[in-house]
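What follows is a short report on a single structure.
Should a chain be cited, it is by its letter among A, B, C, D, E, F, G and H, assigned in written order, with residues numbered from 1 in that chain.
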Amino acid sequence: MGSDSDLNKMSEAAQILDELGIENEVLVLSAHRTPEETTDFAQNAKKRGLKVIIAGAGGAAALPGTIAALTTLPVIGVPIKSKSLEGLDSLLSITQMPPGVPVATVGIDSAQNAGLLAAIIIGAQDLKVDKKVEDYKKSLQQKVIKKNKQLVKVGWAKYIKEVSGK
Amino acid sequence: MGSDSDLNKMSEAAQILDELGIENEVLVLSAHRTPEETTDFAQNAKKRGLKVIIAGAGGAAALPGTIAALTTLPVIGVPIKSKSLEGLDSLLSITQMPPGVPVATVGIDSAQNAGLLAAIIIGAQDLKVDKKVEDYKKSLQQKVIKKNKQLVKVGWAKYIKEVSGK
Amino acid sequence: MGSDSDLNKMSEAAQILDELGIENEVLVLSAHRTPEETTDFAQNAKKRGLKVIIAGAGGAAALPGTIAALTTLPVIGVPIKSKSLEGLDSLLSITQMPPGVPVATVGIDSAQNAGLLAAIIIGAQDLKVDKKVEDYKKSLQQKVIKKNKQLVKVGWAKYIKEVSGK
Amino acid sequence: MGSDSDLNKMSEAAQILDELGIENEVLVLSAHRTPEETTDFAQNAKKRGLKVIIAGAGGAAALPGTIAALTTLPVIGVPIKSKSLEGLDSLLSITQMPPGVPVATVGIDSAQNAGLLAAIIIGAQDLKVDKKVEDYKKSLQQKVIKKNKQLVKVGWAKYIKEVSGK
Amino acid sequence: MGSDSDLNKMSEAAQILDELGIENEVLVLSAHRTPEETTDFAQNAKKRGLKVIIAGAGGAAALPGTIAALTTLPVIGVPIKSKSLEGLDSLLSITQMPPGVPVATVGIDSAQNAGLLAAIIIGAQDLKVDKKVEDYKKSLQQKVIKKNKQLVKVGWAKYIKEVSGK
Amino acid sequence: MGSDSDLNKMSEAAQILDELGIENEVLVLSAHRTPEETTDFAQNAKKRGLKVIIAGAGGAAALPGTIAALTTLPVIGVPIKSKSLEGLDSLLSITQMPPGVPVATVGIDSAQNAGLLAAIIIGAQDLKVDKKVEDYKKSLQQKVIKKNKQLVKVGWAKYIKEVSGK
Amino acid sequence: MGSDSDLNKMSEAAQILDELGIENEVLVLSAHRTPEETTDFAQNAKKRGLKVIIAGAGGAAALPGTIAALTTLPVIGVPIKSKSLEGLDSLLSITQMPPGVPVATVGIDSAQNAGLLAAIIIGAQDLKVDKKVEDYKKSLQQKVIKKNKQLVKVGWAKYIKEVSGK
Amino acid sequence: MGSDSDLNKMSEAAQILDELGIENEVLVLSAHRTPEETTDFAQNAKKRGLKVIIAGAGGAAALPGTIAALTTLPVIGVPIKSKSLEGLDSLLSITQMPPGVPVATVGIDSAQNAGLLAAIIIGAQDLKVDKKVEDYKKSLQQKVIKKNKQLVKVGWAKYIKEVSGK
């Protein structure tokens, strides 16, 4: 990520990767403040055995594109909601890449989805990971189904009270 | 893709995949007009041996998300520029997915980048593809370097004439 | 609705329907997390005797369109304000449907208006409901008229105090 | 519609209604230039036996809301793309209605969908219309399926030539 | 104004008019909820001797345009910031009027400026009002000049403390 | 206006003023390129007997506000559609004025409405002008009514042909 | 700056200039409320020996352009986030200047960057300042590197606790 | 500039610099396609004696920020209007830089202003350049004054004919 102020959000990516049993490392690298370190990281990522890179940044969010320019590993971009403009600047700075340098962009502040997308990409080579992703998606489905059942059972008025009572 | 009117743009994805030697199929499937066919496609894609799905759609662009909901294959979304709103509707309909169902979104009308991103993801398992992606990126780099040399050599005024004279 | 986190807002639709004496059910169904359940619901809605479907969702809000694709019942879409972008993403994901699959979209977070629109549609077949809608609209009119009278009577400075004093 | 300059777009609504065998009338009524006529129309629509009103307007598009304020018939709003701002002004002026006065908004310039939505609402009372809507949606589905078959058969390169050759 | 929830903001217009000695009345009239009352008001405003009308509304803010359609008095529109979209909907619904029905729009939530603009328009006929407007603008100028002097005198660090200490 | 490239659009204001018999002058004055001339104009406008100032500008459209800062005459701002951003920049640069310096903003490129608004403001002091404005608005109303009659008489298909045949 | 309410933000520019040993003055000057004072300031800035002007303003933010129109000193514009529209109005009012009158715009609320940009411009003539800017940028780099080391050392979970524990 | 397709626009910067007698070089360097070349250029720019860098790019426009990260020379950013989104993406990607790495952004497609801003910055050290900038600004002023005189002399109707007749 481009700044440690994004760590609260970006750690959701690490959490889901941990949950799915995928080894990961979390770094602060700024395309604009530590350009040499970012270049080194990107150029060596593949040799070091990394499989996917998740890059989160806000505002004029150059980090994902800067890394994608220097590696052929898949790069997932997470637009971090900035202090103004509701994250629109981050989103456009990450998606609108020129031909030849794609960044796989997820939604604004969607670090969790970035982690899951990384797992999906790794799962293409690794049946165990693929299985875990499937189980994870099923568990989400089950949660919604269970919530729906409870909602139908108790009615919405009581359901709201139950949820807010937690 | 969601409509055959998007084929001119989406065929750029097929072209780059062909160029990189990656087998691909091109289909028209609409989340809104052929929902059953879309569901069938998404549920069977993995069994049929597909590795990555590229889904392009415009406006209320549900296709990438609808497919991502039904498979654990990586799904790449291409927001197609719509007749109004400059493609902003397509972009937001594709990126802003809920937790658990990521879509790897590229830029508006960036089918070429979608194809390249698919190759990058496949390249993670297939060294031959990875090598081709590297070569492709190097060829882009060489093109820019060559253009820059020519520009420095002849000056911008003459360069503009040369390019427009082509 | 697509998530039980939208229930606080969406329950306003149920409230107005209750108030107008129209039977209704409230469900959590996610186009992206429970696609099969959503498909089942949409395909059986008409047979089960439903007259109108109200679907609320936020972000890449596919639920209203996904349901509209699978039924010929009127589908009313409620764009839920998302955590970023002020609900613009939800609004565009719901309104900008392709030809052949309309969604009757109301304003951002306007679940109450969605309920009222459902009543208006039902009222076209059911004179009792139509009468209740008319009475409801008249009561709103009376409320504004009464407020205006009070405002003119006491003056704005005192009126502000009265209202904030409540 | 608010201006006869919108007729080219709005006539798509009349066309689909004709196609589905639903009687309809096409009028120019401006909320801002013929307010009395608009009021008369809205107040008498129900008595005259109208079932649904489709109102299209651009810019500060008040027509749909003005009519919805004066009737309990369902009012469908069509935001017409304006000369600047890509229709965003029209869309927001029509969707963002206050509580009590819903407008069933379709996409920018989507008069065809407005016509279809009117048919869907009427179909709730009229089985013949409902049947026709179902057939229409199936015909759209068949068109996409047929296009997909042709695309798969001849390949995208030849398909593009066939389509552009038409 | 369209709703008494806008009174806190709109009362700033009344305040400045009071301050400038211009008689004024404050009413709640909704283009959508009390259309008849709004029509009556607009059609009789001139006869009743009103000189300028200030209309504030939010969302699909039809009130200013609805009134402007029914009178040849100058109508000043105040876009009220809505719960979503930061007031952009209100602004566009008020400014983007069709030819023949102008609304003099001020900034989002700028009721104070609306009051001042009304005074400026009245001042064109009434030298006493014109003089008061001039004095008011001069007093604003003096306030800024005085603040600047104090800022230069004490330095920004101390100035911030002074201001926050108030 | 800020540039003679805006004259084609801004001349619509002069045209309507001519049509309503209101004397007017058309000038090119740039807040950014001829600031002294603009200041002179604004400071002397009242003494010279001007009643209303219409200022049109595009992009970072400072002209209306710059003039409004230097006079107590009513200033009407016309946001000119710029080469990019669809006129949104012009609109926001003109409407969003600070307290104390209102600009009466009309829609993007709505010079005709600016002229009419000037006439309305002048009409408040001048019964002859007021009468002409009323007649003008009635003529617009009659045009719409006449168009509507023709449309109902010949049907929309024939009407489109008639209009496009002109 | 255009208002003393912007001082909290704009003082960051003064702070970084102080930190880099560059003399500076902080003034409140409003393009709209104190136009004469602003004109005087801009016309005399060069003679008084100023090297760069930083102008911050919000909404219809005319201050930077107004000053740039009257001097050939470099003018840096800081768009201040306004109460509505997230600062988009300020940004567009400052960047979108006509040919001949550039404003060097920094990001929304980025007064610190404005100060640093001023130092960079001054550093082009003054090696001591240039050296200080280099040192400052290196110190930022070192901070990020140090944070990254700590993050890698203790892990993200502990790091979050350390940071929030401060 | 990031691509030779931007040369038509960016050459306006070279033209004004030539006109003002300032030596300049024009290069194609892509932050995303030739990252090493861009890094080399930025790191050596100061040693090579460059005084200011103008960087133009479109979409996810990282070039200006990438260069600004690697040098303490002033970097001027030109947002190039992209194929979709009207240049908003380019503008936000260039302005919204993080603390420590300012880019002096000009308007969308405003390469001419970028050239002039570069001259203004150089003029701070070089009285001859400063004089030329002053003369240039005066010549612009004279052009507007001359146009205004002609417009007043011949009237707007004839002026339009003269201009379009050229």
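In this section, a contact is a pair of C-beta atoms (placed from the backbone, for glycine too) under 8 Å apart; a residue touches a chain by one contact, two chains touch by 3 or more.
The structure displayed is predicted, hence computed values, not measured ones.
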item: Chain labels contacting chain B and also chain G; value: A, H
item: Per Cα centroids, the chain farthest from chain E; value: B
item: Same-site or different-site touching of chain B by its copy chain D, using the half cut; value: different
item: Distance from the mean Cα position of chain F to that of chain C, given in whole angstrom; value: 39
item: Chain centre separation (chain E, chain G; CA means) in Å; value: 32
item: Chain C and chain D: spacing of chain centres that average the CA atoms, whole Å; value: 20
item: Junction residues of chain B, two or more chains touched; value: 3, 30, 33, 59-60, 85-86, 88, 95-97, 100-101, 103, 107-108, 137, 140
item: Pairs of chains satisfying the touch condition; value: A-B, A-C, A-G, A-H, B-C, B-D, B-H, C-D, C-E, D-E, D-F, E-F, E-G, F-G, F-H, G-H
item: Of chain H, residues touching chain F in the complex; value: 81, 86-88, 107-109, 137, 140-141, 143-145, 147-148, 151-152, 155-157, 159-160, 163
item: Residues of chain A that touch chain B when the two form their complex; value: 51-52, 72-74, 76, 91, 95-97, 99-108, 110, 112-114, 116-117, 120-125, 130, 133-134, 136-137, 140
item: Of chain B, residues touching chain C in the complex; value: 2-3, 30-33, 35, 39, 59-62, 65-66, 68-70, 82, 85, 88-89, 92-98, 100-101, 103
item: Chain B to chain D touching residues, read off their complex; value: 3-4, 7-8, 11, 14, 25-30, 33-34, 37, 59-60, 83-86
